[in-house]
């Protein structure tokens, strides 16, 4: 087992009496894609929030590249190479797609953005942004205001921004939610292409469409009621009685 | 950077230039040597409008009175505005366009900003209501600055002179003042002035309220409690506030027996504009200022009061007298100097006797303020009077604090 | 990432064209009084463009900017006896207001949205009260006289010369702000204004971004205040008042805070309207209020919208579109 | 220690007018999430209407009460017109734009008042039966202030009942939390919005009318009043009526104590307390803490 890029050990998180996560441990190696599945309320989004620094873990630890990032705030976590997308995509609606990516590129280069450079005539920045947009299939949308982009394109834009940010660990929070079959297939292809271009990229993805998980994930974790139930290859987890029980609800019969 | 955007800013800034640039109309030039325009800068809108209209009416009557034997003086009124930079704008529109002799200004901050500008543009300024002593002592704010208002110090001294005489057993003085330096210093000067006349008082309780505040209930209730005990003859209340604050204080104090448990209530500020709005519902009150309309019965004053009442439907206040004195000074100085030339006018101002409803006044060479005696009045609310203000007694105290019969 | 010489040049040309061209026209045709009024307008433009760094660029509306404008004015007024040249005076005014802005910026860092506006208003009133009650600062009369000190050794007290001093300060400030507006720092501020949470998720510390724009806005306000004390000839408490803080926000919104030159346009129209109304009527507040009401209701993004409606040429979606056109 | 009682009693007497003035403003803020500067002008109109109806003469309590109620109704109508003319057209726009609109409206309303009633101040004589004072625990309290405390209590209870027991109150709270969801559930949000402004306007008119005998009534009364009730709403917690009650009591008592024990600091008192509360609890005593991305 190669050393883990991102490792969560016995992470628990409760909001008051609600125990969203209890004793969750998982690892992702460089170049590996880990799928996280589970019914609504299983704790997937909370897990993402804790890893991305949006929530503070009640107990347990999170280690990124061997550094303990438990309790770091979101911007510090992002600065140390962990990029994320949001379940409901959040983009800078008043800026063009190109400018959205440029913000990520600037964030990668300087802590605050320099006052002395000039973006409107920065060929290097523009071509870097264009390349990233091309990589996610949004090359033609560069000059369009993000407000006019559809749900699917916004998710792809978030992906480009995470890459622009120089993330080498990607948290994709239900990237295909609300997408049609065609759009979902396009996103899967984009993520697969990414794996060939950046082999060392580690990806953590959650989704409800099983085919997306099967297409992307090397390993799958089944989460239910805030705890890890099953871990294994997509096939093992798909056929595992526990998965069938949780998803198909046999015990309800 | 797109060209289109440059055109936006350039056009937007060019558009108003034409209108604004045409604003310096200069209709103020003197036609012949006997026809002169005198400028007046007073508030014509906003919080001080009432005060501005009083000064303006007095000023216009003075110019009418002075337009005799061939001389004609026409007033030109410009709004003082609510901030010093607006009053400087007003001064520049007058003096800059040839109206060299200007009167007016009600706020000391405006006087401080305008005086140097008038001097720089070669004009003369006779202020009406800038009572801050710092403008003239120790150093004149500018050589071409004159002021008909006696100033906070003299009002304080004059009131103390009369109160020391009328209330010899006074020993305890409640203070209700605006929370700013003049509000803090005047009570101390008042106490010292009383002390020189053998009346030793201590200032207790003292309340300093923010200038924007409107409700003084807590302060008045506490003061009523502190001053309730003891013989009324030994206690008094001194108000160092202005404008609506005096009126609000008397309204809110009427609920408590504060005003019955003290013998003296008053303050060194213009009483008439505030008290006449109370329609006779106020107690015995003492005040000291430059003028009170019924305190002097000379033919000139009677004529002034008649002309003023026709104009504004109410008797003239201290501010009206200041407007008259400023207008009359400039007119008389122009006549004496034979023209509007600033040096000649300023020299004349220091020499001539200026006619006013309360007798002739002279400007002091050092302070550029007048020697007009301050008027101390004792009034009481009386609904049967036309303006609800009944004059019980009146005194005059000259510039160095001595009673004038 | 080398900054092409063309960018510097284009920005310099734009600023000179937009500032110096109209200034030359004004200086040529305006009367003495007109020059005085226009000098005040240019000082308001500097103050408004500085405030817009906060209100427009970062989307954080502070109701206490007069506190920094007044700090700059009183700094210059307090040094009036020392006969320092303007270069030194204005630098000290900027430093003084930057320090006050830094202090209050740190204190109000946690407040967001309307609460930020409220807490900045309360601090602004506290500073107004401190100055008003302080005898050393001249209380209600203020500090005077404040002479127009020399620039590069030359006497600039003549109104037209002083007008050009103020215009050149505006040119420098506008050029520096223009460069910042188009810099990566400017882009991060626009990102923060648009979606602070997303900006944080990209690793940008929005607390620092807000603090820097707060101090920047305070410093430029102090610079404008320092000039205003010399323009008026004294420093008075009204330079710290809540009314002035309200007016400068009004000016930014009136002109269009999402446009670089919006605040400048707002300053010109507001001062022009107030000046003419004051001489035409005795109810300036009534007509000024009505005018503002129409603009607020009819033109959500301020006067800049008016310019778009009059632009006949259809704007093509150019690839390197300047953020101005986009952020309508 | 009768000085202590004195401070508390005068604090209470101070709290009533503060609450009366700020309650309507807190309600408008709670539902519309914006600060309405023109509210100060409505307060001023209340005072002007009472002094015009009674021509400033001292009258009996019943006549005075009728005049105040009449003034409150007229001001409520004016507030309804304002809502239609300005706030309805600004619905959904950013808070800062609505605040700017209300600031412009304040200028217009103050200008109109100066044109109708002229610049000279007016005064309203105190009501005959209520013009004395009573001593409670060593402190002299004006009977009119006691009446104000009574009216304040009635208004407080009335608003509580309105908010919690009536359908309009339920709809108001729904719109306050989330305008779009409320509309989705069939709440006529625009009508509720108008209703809030009318009720708020009536409260402003009532507070203004009741303050007529206390202040010199000039067009500048609006500006002086708006800052004071602004602070009560801010400290109480934006939009919370119980917050406004507690904040009025807090500020009234602080002022009462400052006047009794530290008179020279009284004017700083109100601003210092406000700054302190805002630094420690930005959302005010009872407000909900806003999300970061406000």
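As written, the chain order gives the labels A, B, C and D, with residue 1 at the start of each chain.
By our rule, contacts are C-beta pairs under 8 Å (C-beta built on N, C-alpha and C of every residue); 3 or more make two chains touch, one makes a residue touch a chain.
Only a predicted model underlies this, so the values are computations on that prediction, with no experimental measurement involved.
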item: Any chain that touches chain D and chain C; value: B
item: Chains touching both chain A and chain C; value: none
item: Chain of greatest Cα-centre distance to chain B; value: A
item: CA centroid of chain A to CA centroid of chain B, Å; value: 73
item: Separation of mean Cα positions, chain C and chain B [Å, integer]; value: 36
item: Distance from chain D to chain A - Cα centre to Cα centre, in angstrom; value: 50
item: Junction residues of chain D - those touching two or more other chains; value: 114, 227, 267
item: Chain B, residues touching no fewer than two other chains; value: 1, 45, 49, 179, 210
item: Touching two or more other chains - residues of chain A; value: 120
item: Each pair of chains that touches, named by its two labels; value: A-C, B-C, B-D, C-D
item: Touch list for chain D against partner chain B, complex; value: 6, 10-11, 13-14, 17, 56, 58, 114, 119-123, 125-126, 131-133, 138-145, 213-216, 218-221, 223-225, 227-228, 255-256, 259-260, 263-264, 266-267
item: Residues of chain D that touch chain C when the two form their complex; value: 33-35, 86, 89-90, 93, 95-97, 99-101, 103-112, 114-115, 227, 230-231, 234, 238, 267-268, 271-272, 274-275, 278-279, 282-283, 290, 292-294
item: Residues of chain B defined as touching chain C within the complex; value: 1-2, 4-6, 8-14, 16-24, 26, 44-46, 49, 79, 81-86, 88-89, 92-93, 96-97, 107-109, 111-113, 116-117, 120, 132, 134-135, 141-142, 179-182, 184, 210-211
item: Complex contacts: residues of chain B adjacent to chain D; value: 45, 47, 49-50, 53, 179, 205-210, 212-215, 217-219, 221-222, 224-225, 228, 243-245, 247-248, 251-252, 254-257, 273-274, 277-279, 281
item: Touching residues (chain side chain A, partner chain C) in the complex; value: 52, 73-76, 78-79, 84, 86, 90-96, 98-99, 102-104, 106-126, 142-145, 161, 165
